[in-house]
Each structure stands twice: as C-alpha cells, then as structure tokens.
Amino acid sequence: AKDIGGGTAGSAGQGCRLNPPPVVTAGGPVVHRPGPAPNAAAMKVGLAFDIGGRGDASFNDASVAGLERAKREMGLAEVKELDAGAGEPEDAKQTRLRQLAQEGFDPVIAVGYAYADALKIVAAQFPRTRFAIIDEDLRGIPNVTPLVFAEEQGSFLAGVIAAHRTKTCHIGFVGGVRTPLIQKFEAGYAAGAKAAAPDIRIDRAYLTPAGDPSGFQDPNKGAEVAQGQLDGGADVIYHAAGASGKGVFSSVKSAGAKAIGVDSDQYRQPSVADYRDVIISSMLKRVDLAVFDYVAAAARGDLASVPEKFDLSLDGVGYSTSGGMIDDLVPTVDAYRAAIATGRIKVSDRP
Amino acid sequence: MRTEVRTGTATGRPQRARGPVPGWAHAALWVVVGVVAVSFASYQTGLPQLTSSGTVQSAVRLGIPILLAGLGGLWAERAGVINIGLEGMMILGTWGGAWAGYQWGPAAGLLAAAVFGALGGLVHAVATVTFGVNHIVSGVAINLLGAGTAKYLSTLLFEPVSKNPRESPPVPKFDTYSAQPLGAWLHELENLQRVGISDVAGVLGGLVTGVSPLTMLAYLSVPVSYLVLWRSRFGLRLRSCGENPIAAESLGVAVHRYKYLAVVVSGTLAGIGGAALILNPGQAGYLENQTNNRGYIGLAAMIFGNWRPGGLLGGAALFGYSDGLQLRSGGTTVHALLLAAALVLLVVAAAQLWRRRKLGAGVALVAAAAVLAVYLATDQLPEEITAYTPHLVTLVVLGAASQRLRPPAANGLPYRRGEQGARE
Amino acid sequence: MNTSAAAGTPAVELSGITKTFPGVVANSDVNLTVRTGEVHAVCGENGAGKSTLMKILYGMQSPDAGAVRIDGEQVRFRSPAEAIRAGIGMVHQHFMLADNLTVLENVVLGAERAHGIGARARRRVLALAEQAGFRVRPDALVERLGVADRQRVEILKVLYRGARIVILDEPTAVLVPQEVEELFTTLRTMREQGFTFLFISHKLDEVLAIADTVTVLRRGTTVGTVPAGEIGSRQLAELMVGSELPVPEHGGATATDREVLVVRGLCASEKDRPVLVDVDLAVRAGEVVGVAGVEGNGQTELVEAIMGMRPADAGTVRLGDRDLTRLSTLARREAGIGYVPEDRHRQGLLLDESLWFNRILGHQTRPPVARGRWLDRRGAREDTRRIVARFDVRTPGVDVDAAALSGGNQQKLVVGRELSGDPVLLIAAHPTRGVDVGAQAVIWEHLRTARAAGLAVLLVSADLDKLIGLSDTIRVMYRGRVVADADPRTVTPEELGAAMTGARGGEDR
Amino acid sequence: MSTWRARLLPPALAIAFSAVLCAAVLLASGADPVATLAQLVTQVGRGSTAVDIVNTAGAYYLVAVAAAIGFRMNLLNIGIEGQYRLGACAAAIAGGAISLPPGVHALVVVVVGAAVGAAWCGIAALLKVYRGVSEVISTIMLNTLAFGLIAYLTQTFGVLRGNTQGTRIIPESGWVPGIPLGGAGTVFGLVLLAVVVGIGYAVLLDRTRYGFELRASGLSPTAAAAGGVNHRRMVLSVMLLSGAVAGLAGLPEILGRDHTFTITFSAGYGYAGLAIALLGRNHPVGVAFGALLWSFLDKSSLTLDDIGVPREIVTILQGTIVLSVVVAYALVRRRELAAEQRRVGRATGTAVAPAAASTGGDRS
C-alpha cells in the first residue's frame, strides 16, 4: 500500500515538566542603532564567499542580503562577489581577497572563518583597505573588523522552543561537521532545553567529524541521522547542518514531528518550501544585519561603533515566528531572551 | 579407448571439495549466522536498534545507491572492463536525474539519470574498448570529467532557478509503498521485543515498508542481473568477453559490441544509483559532491561480493547496515557490533575446523578473541572511527578473504580485434 | 589436383591468398584445394604461414588479396561468425577456452541459437560426445580439465556448430602418442560420417598416417600438393625445408665427470597438489641433459624450482660445490646459471623496451651492464652490439624495441644474453619453439659450441627429434617424477612416448 | 619508443583537442572562448598568481611523481590524497611538538611527513603483497579512513584557534624560508624539494639498478621474475617510496606559509597527481610541465568569475585533456610500433616477398 506522509511521532506523551520562564523586569533587547543611514554612493564593496557561496540560503546569502539593503538605503556604488571552491588551498583564498583589494574595493568582506589566515596576510599587504571577517574573532589587526555572533544565545532560545513543543520530552540536535562553531549551536540548544525542562532528553549527533566537510553536503546522511533520533522518540529536531538540513526536514516531515531551522528564516526559504509546515521556528543569525551595520559604519568612517559581538541584546541573533506555529510561546521565549540580554542568564558556548 | 573426461589431472587444480550444499544455500546459511549473531548482540547489550526495522530501512536507503553502483561495476567487469569511473557516472546520473526530475517528475528523472549515466559509460567504452586505454586511467579521467560537467551544467542551468550554482531546485520524489498488512503485523511482532522473533520481524519489516519504486527496481535488478548474466545467451556471451575474449571472438561473439553494451549498461546502472540519491524520499535534489565516493564503495562491494550479484548484495547490505547503524545511533551500537563480529568469527573458526583447516581456524579464533577483548575493554568507539566503519570493515574483510576471490580472467586487459594468437 | 575433379566441387578452394603483417609477409599467393570428405594436411616449418592461412579461412583475419570459395561459392568472411555459418569450424593451435566457464558453456558459446543454453543443449552435447566416442561432464569447469580433455571440448565446440569442414591447427602438439591415436580414431570415424578436415602438424609421420592429401607451405607460399600415399616422410620434409633434411649430428661426446648441477630429492607443490616429487638430476660439464615429457608433467616446475622462482618443499639444488637451495633467483643467476625461458614474450623479454635494455635483464648486478648499484648504459649498448653480431640478430640497431623483432631474432637475442657472462650451466626451455629454421640453426650451433667449451646444459623440449639429436642423456618426466632415463643413441620416439605416458619404457630406473 | 615526435605529439594533440572541445562548450553556453583564454593568460601577470602557480606546481609535482612511481610498476596508488594529507598532519604535529636548531628541525618534519606517507601507503602494500588485495580498492578505503584519522589527530594533539581546529604552530626554527618576490608573493623554499625529488626520480629510474628493476617489473612481472627481480619486494618498496613522496607534498605549504595543519588544509591534490602523471607520461620532465599546466589552469581560473564564465570549464578541460592524452598515446604508440616494425623489416630484408614464391603453385 502507498505510504501517506506525516507519521504520528510523539502523539502519545504529555511533554516535559516545564520550568516557568524567568521574570525580567527591565525587558527586551536593547537595540540601539546609530543614527540614519549615511550616503555610500562612492563605496565599492567586495565580498569573498566561503564554500557554499551564493544561494546557500545561509550566511553567504545573508551577507548578500545585507549588502542589498545597503544598496537600497545608502546607494552603494558597486558590489562584487567572488565564489570559493571546496577544499581549495590557502593561496586561492588569498588571491580572492587580493584581487578584490587590488581592484579598489573597500571595504572587503570575507565571509566565513576559513578566511582568517588568508586575511592576516592580505590585510597587511593592503593597509589602506578595510576588511571585515564574519564568524572569526580576529582582533589586533587595525584594518580588520571581525563580525561575530552569539550563536549559543540564539540556539538557547531554540532549545526553549523545542522543550515546550516536545510531547515525548525528548528532542534532537543534528550538526553537520563537528567543528567548534557548530558546537556553539549544540551548547546553547542543550542549555536552553535544560533550562526550560530539566528532565529533557537530548540526542545530539554530527554527520562527520571535524575535517570531513561532507557533513554539510550530504542530505541523505542528515535524513538518516534525524530518522534515528525520531525513531528513538525525539519529536523536535534542531539542525545546524547546512545543506544536509534538508534531509533532516524531510525525515521530520515524514515522521510528523517538528523541526527548527537555522541561520535564516527557513520557513520562508524556497529550497525547503516543501517542508515549511514542520519548521516551527528558526534560529536567526543576522549576518545581514551585521554586514549592513558594518558598511554603514565604514561609510561614516566610524568602525569603532561596530559591536564586538552581535548577540541577543543587539538582535544579532534571535528566532523567527513565521508560520505562526509558536505564537503562543512568544511571551515565554521573549522572557528568556530578556534574561539573556540583560545578563541574568549566561550561555556557555562549549557543550 | 579411454573415454572418460579426467578431472584433476596433473595440470588441473584439485577439485574443490564441494559438499551437497548448493551455493545459494551456503549464502543463506551465512545470512542466518549473521542475523543470529546480531540479534544475540542486540539481546546481550539491550540495544534493540541493532535489528530494528528503522535501522534496516536506513540500511536499505543507504545501500541502494551502492548496490546499483556495484551492479554497474559487475556488468562492466564481467565483460572484462574495469570501471572505476562509476563515481563520475553516478554524478552525471544525479545531475541528469535532478534536471529532468524537477521539471517533469521523478519518472522522467529516473530516465534522464539512466541516460546520463549511460553517456558516461559510452565515453568509457570508447576509450577502453576502441582506443585500448588503460581502464583505470580512463576511469579516473571520467570521474574528473563527470564532476566537472555536472558542476558546469548546474552553474549554467540550475543557478537561474535555484539561485545556487551547487544545487538543483527541489526535485519531486517517488511515493513509497509498504506491504500491508504484513508490515503492520511485523511491526507488532517487533514491538513485542522477544528474542529472535522480534529481531527477524524487525529485519523483514524494514525490508517491506517504505519502499519506493526505485528501491523495488534496485531489489529487482539483482535477480535480473543474475538471470541475464548467468542464465541467458546474452549473458554467457558477455561473460565470455571477460573470461577469454579471444576464444569468444573465435566463436563469433562480437566482443567489442558486447563490451560496449556491458559498459553502457554499467553506466546506466551507476546513473540510476545516482538517481537513488535524489529521487528517493528524504533527499532534496542535486547537490555538489553529494555522491561522496559512493561509486568507489560500490566497486568495493562488488569485489567484496566476488563479482557475483548475490555477494554484491551482501556487500552493499553490510555497507548500508553499518553506515545506517552508526548514523542513527552512533558509537554505542557500533560498539555492540563488535560482539556480533566476534560471534561470526567464532562460527568461521568452527567452520574452518570442520573442514580441517587448522591454520584458518586458529587465525579466526585469535581474531575473535581480539575483537572480543576490544569489546570488553571499551565502552564506546571514537566517533572518528565509527564514522568510517564501512570502510574499515571492507578493508578488513578484503584482507581476510581476498585470496578466495575470483575476478574474471581477462578483467582489465586490453583487447583488440584481430590480434588473436599474436604474442601468446 | 588430380583427384578433385572426380569428387565434384571442392569443399574449400583458396586461391591467390596474400597477407602481410607489418614487416612480415605471412602468406603470399597461396593456393589450396580441399576435397569434400578428405583429411587434408597442411605442412610447413614454423612461421611458414599455416596458422595465418587458416585464420583467413576462418574469418579471423582478412586477406590482403585472393579469393575463398566454399563448395564452389565465393565468400568473404568478415568474422568467424560468418565462417561458422558457412559450416567451418576451427580448433586452434592455442586452446580457445574460457577457464572459468563450464564445459557446456564453452561449447554452446556463440551457438546458443541452436539449442539454447539449458537442458536441451546439455543433451545435445552429451549425444555429440557419444557419437565422437568420448564422455564429458558438461558442468565441470574447464580450468580443472587436462589437455586432452580440453581438446575434446574444442572438438565438441566445432561439432556443436554443425561444422562440416573442420580445421585442426596442430592438434597433436600437446598430446602423447596414445592420445594422438585416440584422436585419429575420432577423425577417421568422423571422416566416414562426411566431415572434411584441414589438419596442420609438424610431425610428418602423423601427417602421413592420417592425411589423404598434403599441401606444403614454405615461407608463406604453397610449394606443392601431393596425395599422401605417393610421398614418403623424407620427401615431404625436403619439400618443406627446401633441401635435404639435416641429419642430427652429435658432434662427439664432450661430457666430463665434473658435476655442475646436482638436484637431490626436489619436491614442490602448487596449492597442496604435488607438482614435483623427489626429483634427482645431475648435469655434468660439457653435457646436455634433455628432459622429455608431455606438457604439464612437471618440466616447467622443475626449471622454475632450479631457478628459484618456485619455492621447493624439500630437496637441494647445488651448483658445483655451492648450495643454491636457499638463494634467490638473482643469486642463482650470479652463481653462473643462464636461463632461456620457455616463453620469450612473457618471461624472456621486455617487449616495450630497447634491445640494450633487455640485455641488462638478469644481469643487472654484473659488468659489463652494471657497476655496483649503477647501470652501465654504454657497456650494455656495446655488449648488445656484440650479441647482435655474434648471434646474427637481424636488427637495424640496438635501440629498437624488442617487440619490433621477429620471433627468431628475439630468441637469438635471449640466447645470446644468457650465454653472456660465462655461465657454467644453461637451462634452456624450448629454445627453438616457434623459431624459423635459420634462427634454429644458429641457436643449436651456439649451444653445441658452448657445450664443447664445457658448458652444462639442461634442455627441455617437446620436440623429441631435436631432443634426441642434441642430448647426451634424456630424462623422462611423468606426473612430477623422473620416471625413466633414455640413451638418445638407442631410444626411439615410440619408446619415449611410452615412458612419457607412464607406461614402462626406456631404460628402467 | 624514444622519438621526440612520439613523446610530444600526444600531449600536443590532446591539449589542442581539449581546447577545441571546451571552446565549443563555451560557445554553446554563450561565452567567448578567446576572451576566456585571454583572461586566463593575463591573470598570470596579476598579483601573486605567477608565484602561486609555481608554489602549487611544486606540490602537484610531488604528488604526480608519487603517482608516476606507482604507474611505472603498474601500481595504481589512488591513495595519494590520504597519504599527503596524513603525512602533512603528522609532520605538523611533530614539528609543533619538538624544538631543534633551524634546519635540523625542518629536516625532521620532512622525514616525519615522508615516513607517515610511506606507512599509510604501506598498509595497502602489505595487503597487496601478502593478501592479494587490489591496491586500487584498499587505497580508496584508506583515503576515507585518513579523514577520520586526521580528525582524531587534530582533535587529540591540536589546539583551537578561533574557529579553526589545527595542530600547534611549528616554532620558527622549523620554518623553511622562501624566496620573497615582493608584491608578487613568496616562492616556497620547499619548491626546491620538488626539484630535488624530480632529479632523484630521474636518476633512480634511468641510471640505477633499482630503477631498472622497477621498470622491468612494471613492463612485465613475469620477465622480471625470470630475470631475478623479486616482484614482491619491488611492490612493497615501490609503494613505500610512492607513499613517502606523497607524504612530502603538503610540506611546502606547511613549512613555508601555514606553519600548522588545519582541518581546512588543501584537498584534492592526490587526484590531480594521478592526472598529471598521466599527462606527463611518468617522465620527470613531462610531469613537471604537466604540473605547471595544471597549476596554471587552477590558479588562473579563479579569475573566470570576473568575466562571468563558470570556473568549472577548467575542470572539464582537465578531464578532457587526461582522457584525450591517453587516447593519443595509445594511437601514436600503435603507429610508431608499426612504423618501427616496417623499418626493422626493411633493414633486415624480411619484408621482401619470400624467394620461394617462384616455386609456388601446383606440382601435381
């Protein structure tokens, strides 16, 4: 007989024993944005992509979105993007940055921590060009501005949401490659879930160990890992697995469970539109915002105003509510958010 | 006049002591041993995942692309052409499948994957059969070419739609089917958690639920390959090209044509294997580097299976099973597998002893003890190892058993028409 | 063709066939007419073009010029398939069997249309075998069969295809006399049933025993066709060689008492199966010891064991007063053994390398081609030139690839190399196999000279006449054992043949 | 076959054919082949591209020689990918853990890299020699296993810098200084290692007994065995040698630039090495040209984004070159052998029709 999608995972069970959300009096994120957008009509911005490149529906695309907005609001003169290849050697990264700097792009934004070493060298060769790097806390080079995020804080909120949505008191996390960056997601997620429901069971898995990048590129494996967690009883799964996340969504959907997306609002993402009804929320990492803020600061000539870390208090990370599947949870999640933003809850970035 | 055909003369090899057990029963016996060992381990460690229907379904999903690639290898090598280009043909298959699939549905995708794979096979055939290029060299080049072509074409044709040069738009999938009420009944049995019965029910249940037409096609292609290759005129001729093409040609077999056909079929199967990566549920569409060396692993499964469809099925199943197990439930279950492995090794030792092969029995016994010791001394295996369990298993099994393997005699040798008898 | 008209249209008529290979004219204006229902022998020295002619008739090679007529109708075969359809079958000089397929599969391959590949085919095969007078096991793998059985499979293949014209290319080369007799019985039975045979053999007595008509080829052309009854073996040989048959001469005994090679109790096995059993052997300086035996009775293994290429299970090999038993092949060569392997293409030469590079092989540790761990390229070139001159190797230079030389010239190079560096012992396995007459003469001459100079020679050959002509003593091997000694001055080929088949013969040991 | 024509014609034909094919592909996809080529060539002059080409060619040369050593004996070391990465990883760990005087330090690192590469390949060699496992399959498996081992090693012996897991930084005493060319970049000092390996490979192959035995074994194992070459030992030693050279390939980058092995270390050289060895026909000089060509295509292609041509056209070009070069070699080799046989025939007079022709015909 033909199988009909949508299993009945977690239909039994009453969910977890939940802690009440923290009570925060001075509330909400303290978003302070410096003045109106400056004019950047003379500025040419170069963008060097990481593997995945344009169309990854993740941080590469988010950085493009930031620049698009800058174009609209500040009249940016020109934007040039260069793509990276998988497993490429270090000098290819240098060449890419150098090429942009040489052609007079300023600032040049390196998307991804893979550029850290290349940037150290190229930034020294072009002292008058301003560089930014996403996801790597590269300090101490005068013309390099790091744009980093508190992924663990956003993931904490994902954990809270998962804890409130599970009916089996059992949730899952699927990471692509076991790198320190992805482990931050895992750490925050687990902390958030435990904070909301101390008894909760959390399955965590990575597709490949560090150094084997195929973990971000193998939806089939993502599907199997998620299926394993679902069969084991988990009914909400959060992924930080790049393109492999599609596999996670697909398993979640056929099991009738729930999923939480990552980086951008995956509910609205065309490439996973088939699965949108199970994506209850996404952890947002606002690379677009950081890029926009950075370009604005550069246009003003005031790079010191770029925050050290884009965290919850700056809306640098957050969560999405598209689809309206967690509308009832918003007050609870926002309470946690406020607690983190005000520093009452500290989230560790190590699992 | 002495009339009887002598066997085992001074030149011939001694006749292998073949008991009354036919080959298929022999294989079935080993399957039973494997299932028993795994269910024993499952019972001992309290890890039902070892034989759960979910694990088996994973094994099927992960094993199908490998099975198809392996069958592709089988077809080519039985005709004497080594096909290490399976990976490239598989990549072409994923690309073609996604390209046609997203526009015209999964059936069209399957067809296109087959055609693209076949094109890859055709290139290999032209290089190896017509131009006599070293088969491995041609294969390496085809892998380069397949990857490059797929990348180039997706930049050209997918990017405008998917906004990503490395990815196709989502491809509609095949529906899946389950044999009901059998599946439900097996599921109930499995849930009883009775030793043995539930294990078998889990395995069988995994095989009959959530099956897509593509999976059925793959299941079918094993017996079909066997029947065609071993029970048909066509297959006899094809195999003769892999064993002794000169003899075949002297009997009027159009060796070149059969080699061409075999390699094209091989590419077709590899292409369908690629389609299995995108047209089965749970997968998105074409994605760069998605095949992830599955073509090579298919080749390994074929060698593992001693160039026979049944053995190849076993190899692909083992691969899919150990991969599925480690992906679904990580280190603990793979650790439990050690217990099962030790048990199987014990049976091997007993079998060797029964055949009066003392050395073999000793080696198997020592290996069993070593595996058992590792099992007892550790609680878990490092992730870096479990993630590559299938590869390690392949290497170990080849190391242990490769000397009994029997590749086609003329496999990989260049062959040119009209050179019969020259340089003998 | 005095009889062909009487028998109506000839079964086969080849006229003006010419075929050249790069550098070689294999056939030039060959004419051949075969009557229906006769056994027509084709004779000629090695390389005369017999096989090539047969391959042309069988559609395996296409002639550059000339016409083929079958039953009076002109045909042009582009493949064996077409020849088979025209009722021609061929049993090749080298067996054309797939080892890993069963007897049945080998027989029905290519003729599946007739009876399928299943039970019907099996019945048919059994019936055909019965008709031809032997039994087969259709499901046995061919790799487990002996030579005579393989040949029966080949004949079955031909019968199964309904051939009426059967080509047998040197079918007796690998058979012992008794088996030859069995084969002839089969052929006579089949001739009565209306089959036509083209029979190729070097063994003139066999030809005269079975053939109705004989055609002789020499250097690619027909030199004559005669009824077998009207010609003697001596005349036939004359036709083939073009002159008087040279009488095998011994050139006087030069054997000394000094034992150079002493083999004691040598045993070897292949996958638990013994291939050499307790072999004792001695070769003295200046002596040629011939080893006779049907192919596959341990001669190859004996040579390999003495050369250290095959591990011995027991026994010793001594060269002079040195024990070689534990030494590597290279060390044995350095100790003074020269080795002419039985298959020059597989074992003697690197076909894709130059002649001087080939000169180094086996001597890579010794002057004049090496100095310590370094090669002496100039030395190698010079010494190769010496061999080319002394052994009459026909080549434009020492830089051409070995593959470009003809078989005879290749073999002269190998023999020249192995006689370099003053060996004390030469092991020569089939040194003139597939070599033209001129080259054979050169090779024998050099062997005789070396023997006279005190070289000990262990000679393995399937050519009994040659063996008798050259050896001082002959050892016969059967099933891995040395079963008999023979004195070449008194022994006859028939006696040797009896010993080689395991019947009592020669001088008992 | 030693004529220059036979050596140079095939690669020239292959490159020409591939260029035509790629031009056709480009035209079909609406790009301008001439502009593409111009872009590729002019890129060499820009920035550090020329130096990058040389640097990468050095690494490519090493992997290609590793492949060529195997090819010479008909051994297909597909495992170079794993060997060079594992060798680089282990060498970086060793280099970071010790402290020795300059020069010696680097030497130790180089030796460790070679030893680990050899050991990894040695597994396949042992399996082949003693268990008859095809090196093709075993090295493919070992490539994947090397991933796991590298992950384990960098995890166990490494440190976390920012988001990147890597081995400890090698102290300055272990660095190999390069040749700085100002704005054009710095040529790695260890590119010279590639030159040395190349010369060593040439001498070994052409002038030594070992090289002779290697070539003989490759051309015909049976003939080599009859000539006293121990095939087993040759297989073992050749695979160890190939692995050792492969183990060096990552070191120019590590000792000359990165001073650490990170998990994002360059990948894919191993497969390139196989292709380059084929292109250069395992000849020390041919391989050098192959490495430069390959490196040029890789580095210059980075600029194709600029003119909107997909960079992957270069991968297609490379694949086509390899395939057509082997086809071209096969064809030219056939023609040359036939020509040589004719030559031999002419020189020795055997090609003339046999004299016996006059007595041909029927006698009866």
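As written, the chain order gives the labels A, B, C and D, with residue 1 at the start of each chain.
By our rule, contacts are C-beta pairs under 8 Å (C-beta built on N, C-alpha and C of every residue); 3 or more make two chains touch, one makes a residue touch a chain.
Bear in mind that the values here come from a model prediction, so they are computed numbers and not experimental data.
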Where chain C and chain D overlap in contact partners, by chain label: B
Interchain centroid distance [CA atoms averaged], chain A/chain D, Å: 40
CA centroid of chain B to CA centroid of chain D, Å: 30
For chain B paired with chain C, centre-to-centre distance based on mean C-alpha positions, whole Å: 44
Two or more partner chains touched - positions in chain B: 165, 384, 387
Multi-partner residues of chain A (each touching 2 or more other chains): 83, 86, 178, 208-209, 212
Contacts with 2+ other chains: residues of chain C: 351
Touching chain combinations (by label order): A-B, A-D, B-C, B-D, C-D
Touch list for chain A against partner chain D, complex: 82-83, 85-92, 94-96, 98-99, 102, 113-114, 116-117, 125, 135-138, 178-181, 208-212
Residue ranges of chain D in contact with chain B within the complex: 25, 29, 76, 78, 127, 131-134, 136-138, 140-142, 144-145, 147-149, 151-152, 155, 271, 274-275, 278, 310, 312-320, 322-323, 326-327, 330-331
Parts of chain B lying in touch with chain A, wherever the complex brings them together: 49, 52, 54-55, 57-58, 61-62, 159, 162-167, 169-170, 175-180, 209-210, 277, 281-284, 287-290, 292, 323-324, 327-330, 383-384, 387
Chain C to chain B touching residues, read off their complex: 51, 55, 58, 60-61, 79-82, 84, 90, 92-101, 103, 105-106, 108-113, 116-117, 133-137, 140, 143-149, 152, 157, 182, 185, 271-273, 275, 295-298, 345, 351, 479-480
Interface residues, chain A side, partner chain B - complex: 1-3, 52-57, 83, 86, 178, 205-209, 212, 214, 217-221, 223-225, 227-229, 231-232, 243, 246-247, 250-251, 254, 270-274
